[in-house]
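Please find one structure pasted underneath; my questions will follow.
Going by the order they are written in, the chains are A, B, C and D; count residues from 1 in each one.
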Amino acid sequence: MPSIATGRHFLQIPGPTNCPLPVLEAIARPTIDHRGPEFKRLAGTVLEGIRPIFGTCEPVIIFPASGTGAWEAALVNTLSPGDHVLMFETGWFASLWRKLAERLGLKAEILPGDWRGGVDAAAIEARLRADRGHAIKAVCVVHNETSTGVASDIPALRKAIDAAGHPALMMVDTISSLASIEYDHDGWGVDVTVAGSQKGLMLPPGLSFNAVSPKARAASVTARLPRAFWDWEDMIAANASNVFPYTPATNMLQGLKVAIELLQAEGMDNVFARHERAARATRAAVAHWGFETQCADPARHSASLTAVRLPEGHSADALRETILERANMSLGNGLGPLADRVFRIGHLGDFSDASVTGTIAGVELGLKQAGIPHRGGGVEAALGILAGNA
Amino acid sequence: MPSIATGRHFLQIPGPTNCPLPVLEAIARPTIDHRGPEFKRLAGTVLEGIRPIFGTCEPVIIFPASGTGAWEAALVNTLSPGDHVLMFETGWFASLWRKLAERLGLKAEILPGDWRGGVDAAAIEARLRADRGHAIKAVCVVHNETSTGVASDIPALRKAIDAAGHPALMMVDTISSLASIEYDHDGWGVDVTVAGSQKGLMLPPGLSFNAVSPKARAASVTARLPRAFWDWEDMIAANASNVFPYTPATNMLQGLKVAIELLQAEGMDNVFARHERAARATRAAVAHWGFETQCADPARHSASLTAVRLPEGHSADALRETILERANMSLGNGLGPLADRVFRIGHLGDFSDASVTGTIAGVELGLKQAGIPHRGGGVEAALGILAGNA
Amino acid sequence: MPSIATGRHFLQIPGPTNCPLPVLEAIARPTIDHRGPEFKRLAGTVLEGIRPIFGTCEPVIIFPASGTGAWEAALVNTLSPGDHVLMFETGWFASLWRKLAERLGLKAEILPGDWRGGVDAAAIEARLRADRGHAIKAVCVVHNETSTGVASDIPALRKAIDAAGHPALMMVDTISSLASIEYDHDGWGVDVTVAGSQKGLMLPPGLSFNAVSPKARAASVTARLPRAFWDWEDMIAANASNVFPYTPATNMLQGLKVAIELLQAEGMDNVFARHERAARATRAAVAHWGFETQCADPARHSASLTAVRLPEGHSADALRETILERANMSLGNGLGPLADRVFRIGHLGDFSDASVTGTIAGVELGLKQAGIPHRGGGVEAALGILAGNA
Amino acid sequence: MPSIATGRHFLQIPGPTNCPLPVLEAIARPTIDHRGPEFKRLAGTVLEGIRPIFGTCEPVIIFPASGTGAWEAALVNTLSPGDHVLMFETGWFASLWRKLAERLGLKAEILPGDWRGGVDAAAIEARLRADRGHAIKAVCVVHNETSTGVASDIPALRKAIDAAGHPALMMVDTISSLASIEYDHDGWGVDVTVAGSQKGLMLPPGLSFNAVSPKARAASVTARLPRAFWDWEDMIAANASNVFPYTPATNMLQGLKVAIELLQAEGMDNVFARHERAARATRAAVAHWGFETQCADPARHSASLTAVRLPEGHSADALRETILERANMSLGNGLGPLADRVFRIGHLGDFSDASVTGTIAGVELGLKQAGIPHRGGGVEAALGILAGNA
């Protein structure tokens, strides 16, 4: 076999995603003066253009930092030392967010989940009803759990909180769902939406976002967790003049402008439909092969990634290695307790039907190579879905 | 459906091919002084490095012009007005080369072929034997006929010419075979090899090549077709000092350097094996679908492209259009008498197993969309080939 | 001193020129199917957009070849073996064009010049008047002689030919003037204009052009020099459907589209004025240093380059080498009899006042380093011109 | 005047700086799997290669965040709420760092400065001697004050702290000095060095750094300021396996690798010498024009930028605007009390003698345009310096 990789790499991890070449092109343009007129035009365009992607008319804060920072920002801007937050254990990333909250000095309670379904809104509601003193200041959930391929029902969560009559802020991580799965910050009554650049926005990692409701901004007035780099109000004040309070990630913003234009050109509804079709095609192949998805709730399958459970006795990591070598294709690994049991197929960001089928074919090739028992013809099954959707 | 193309375009015409990003990167570097020291280093490297790719220790001329120019150069450097050349009608490109020869004032005789097989060496031999007066000055053939997907046996042609005891020059067009299918200019006794940048060399169109034997150079001394831009000896003289007699295509040479490095890193044998596997996988899919290849001789299938015959009553061009829209994938059209009857799948240049299967899946998706009767499961058949070859 | 070059290279040879980054970006985009719909849109745009840059409503032929090819194309499309052409020895490039004509089998007569002035229209007129039998089929001149920095008066040449009542075609090489110095193919009654991509058009080398008058096209009907690659009528016929008769230099056309847009955005009058200012500033520096320009006719200074004569006893090549090492800047060398006596400063293509003054400062720095006697303050003199022109 | 900018933009603000094209090229390469083998090789290379640039054998933390974040990280990893830090008011950025410290809940004391000189080591020493109870936990200074163009003497500060026998950590901001002005984290006994990607490292903004001494790491064990995103120990632990605890800025790291290679190729001593020559040349021009630098201490001029005081009654911002329009060149503005009084010329990162003189010429052109009285010939004065240094 060739010792070097040929062809385009298929980056099919569930993010970072394949960046469109025009986005990379824009990022590679010379850095400009972040206080000059050209930058101000750029900043104005992206600050305005990013809002509808979150479904908000309120400010969206853009941090020159990767996604984990936006988790931190959501908490430090709204909470005070020792505050109680309620989370739901959808999987690895929900668990990580909880750990982060604890390190920031918060009391983070996480309702247990089996990593195969979405947020249990009823459990949240029950817990909130029990919180008569309103000690809980925020409910923080992951919209699309990247470790399991489960997308939770955020409007149901809103209803649950409202039904409990509880004033907690609602914070939602959309890192692997934004610009891939329908989302409506304002319409769904979210207080803080957390996002990153490297998934549906089709950029490299390096930018992260907080969309913030008026209620969240009000909370920030009294929130006492220390903050400087992450402070919203400095950002919002500076952004009013299309500048930033400190050096922004200029070149990433150049790329963001192009990414927004691409999303606008395709239309968000088409973007969502494209992801949904790819997910259905991928699941058809997985089912055909005879494997289970990690998501056990048919109503909550993620449109942006599929986590696949391998039969007992087979190593998902060995399979991924084979596929990397043979098909020049990266897949996501299993995280935490799912390590080596699960592999994850990303179908988000910039892709076509040919990329989706190429991906599925690459996986099937790997299954054959690795000698993992499966029913051949997964690509055929996927093609059936893709073709049927004309 | 989305109105804009998403994902990477699959450029699966049989050339120009998908350029590796490092090649495009190099082409996009600033133009340098074509008389300065940096350029001389560059020129020295590519003039040296290109030779083994042709299998020659003799000079390779690099023209700042696309492939058709190298056809012209081969003829005007070696022949005189009214000279007789013998060709073989492997398909569209052999026919075009003949027309070009006629326009340059040569007498071009083409032995008829059915566009489904390679050069008939026996027929050439018979014709040469009949040419007792050695009026025929050159035998010109296409190694890999891009219109039909047939690769001819060049060593057999050499033997035929030798067996006939005929002194004609042997000229070979390798435009769609160089750096994809084994080739040995010196070892096979070729006098002039014609090539272009935009196929196996993985560059955009814009460079073309003549590899020239001592016998061909000797012929150029007395050849009287007028020439200036295409003149070999000016080139060879200037190249000795790593410059060019007139402005070269600097940025393309920057790209060529990288392309050569990539081929060297993979190893030419691995390059050829990769193309051969892709071709076998593609043919397995075609056979599974129930279609014929245009190449009717099992021994002469091209490793770099496959021309597929659609059943009567179905439009190959309509299919290609569907695939372009649905899968963001370009395929080659049928040329001349094959128009709309045949479509051509390129599997040459820079690709991986995932690109090959993605391509086949894209075609199968198109067949389904277009309602062309076929047996499903072509990708599966291709995977069998790819996996079996571990 | 650092052993590696830092900062952006100043490519101040009189072409190839510094390409704008958006042009390089476009060239580096993936190659597209040269028979597909996207390509046709591209071709249509550039074939249309290039015309006003030549000042013509007639077709402009775009060859996938560097500039020398367009010289050849101009001749082989319009002339027959042994035809007589009249040229004027403005310098190195006029002389090269004559040699090329001779190699193509033409009788090329060149009126002698001293390489310090432009085309002598009166001498041409006298020669044409003497040609009672109209043996002379074409008058071929270089608009802007790149070896000397002299721009000839083309309307005066037109008048001279008309005054002589002579039917010869008028052919003009604008390789280093197009899109830098005012030019009007139709208005000035030019029959064939020859140009390349790598100067005022701000592209790398690799494309060349013929703008052709109806009279030139009529001549091509009977012209008997053999031609195929260079044939105009094949091009014009194919271009009518926005395709090319053979593989075009796709990626260069992608760049050309952007270059045309940049020129349109600036406006051709502004482009010409920018070059004129740069030339005046450069000459002010040269005069201040105490040097002569190679152009001895104040009315005919080129706006796109300045050839500078060094005092006796000083090596222009050594100076250029010093400047390359010290200032990371390339300058043009003296050609033919001017070798080592003259160096040439390019001020054409994509530049700003800062590039112009940076260039002049680089030269002055080199003069100091090399110990060549000169009056300091050349940059100051140049700034006076640039500032006075607000 | 043309309404569009032509030529390369001269980004002569004191950072972000002009990125070398190979760095931008690397950033524009496709994003790779941040958990795959290719990424691990990349991470290993940059984590190792960055250390000598700081002059350290200890870990250097790389944050996917812009420079301000590294200020915050330095403090939150080492200090506890209410801790006392001592700073010195060298200018705007020292003042900003103090504000940031206060917002994080620290007691930040800043010794007053006049913004025209460096850190007063004697004053620091006196203050530390007075701090008998060692309430002061850290001394935080800016090595190269970007608002004034003053570089402080860090070894002198080390001596002062040692002379006082004080255990405070020494933290140094090298944002506009790293890889431009000599620096030796280990040799100078610095505990935390703060840096960013967008200055001497020649990258766009988006990465920032903490180099950390064993003493600083020891402090982090007991430091109680909350931290998660900025936590050093998570980073150091993950970096041991060449991964990161959360998604890194992959593409920026691709660029960093190239930037490090460029610095290694030039050699750090050559890099420093190049900056020093540029600074002396720039100051020679400023002096010749008849202006003062903001730095009033001849021993402490910055090698990476020069802040220039305009005569009373002239607007520095209007001058910068003129220069931007006329010369396509950005200069830095005056900050805080220096607004509109001072402009700043960056000479750091990737530049050559031609860029330096082009910059100075651009400023002089602007002075002429704006009608600000000055003695002409500043470029000449600069050339004297540059040439004298052969």
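FYI, a residue touches a chain if its C-beta (ideal position, glycine included) is under 8 Å from a C-beta of that chain, and two chains touch if they have at least 3 such contacts.
For clarity, every value in this text was computed on a predicted model and none was experimentally measured.
A.B. asks: Based on mean C-alpha positions, I'd like to know which chain lies farthest from subunit A.
C.D. replies: Chain C.
A.B. asks: With contacts defined as at the top, give the pair, B-D or B-C, that has more of them.
C.D. replies: When B-C is set beside B-D, the one with more contacts is B-C.
A.B. asks: Calculate how many whole Å lie between the centre of subunit B and the centre of subunit C, each centre taken as the average of the chain's C-alpha atoms.
C.D. replies: So the centre of subunit B lies 34 Å away from the centre of subunit C.
A.B. asks: For subunit C and subunit D, let me know how many angstrom lie between their CA-based centres, rounded off.
C.D. replies: 45
A.B. asks: Please work out the Cα centroid separation of subunit B and subunit D, and write it as a whole number of Å.
C.D. replies: Going by mean C-alpha positions, subunit B sits 54 Å from subunit D.
A.B. asks: Quick one: which residues in subunit B touch 2 or more of the other chains?
C.D. replies: 8, 18, 21, 25, 28-30
A.B. asks: Quick one: which bits of subunit C touch subunit A in the complex? Just the residue numbers, please.
C.D. replies: Residues of subunit C touching subunit A: 21, 25, 28-30.
A.B. asks: Can you list the subunit D residues touching subunit C in their complex?
C.D. replies: Of all residues in subunit D, those touching subunit C are 1-8, 10, 18, 20-21, 262, 265-267, 270-271, 274, 326-329, 350-355, 357-362, 364-365, 368-369, 376-377, 379-380, 382-384, 386-387, 390.
A.B. asks: Using the touch definition up top, name the residues of subunit A that touch subunit D in the complex.
C.D. replies: Touching subunit D from subunit A are residues 8-9, 11, 13, 16-19, 24-25, 27-37, 63-69, 71-72, 81, 99-100, 103-105, 196, 198, 204-206, 225-229, 231, 246-252, 324, 330, 333.
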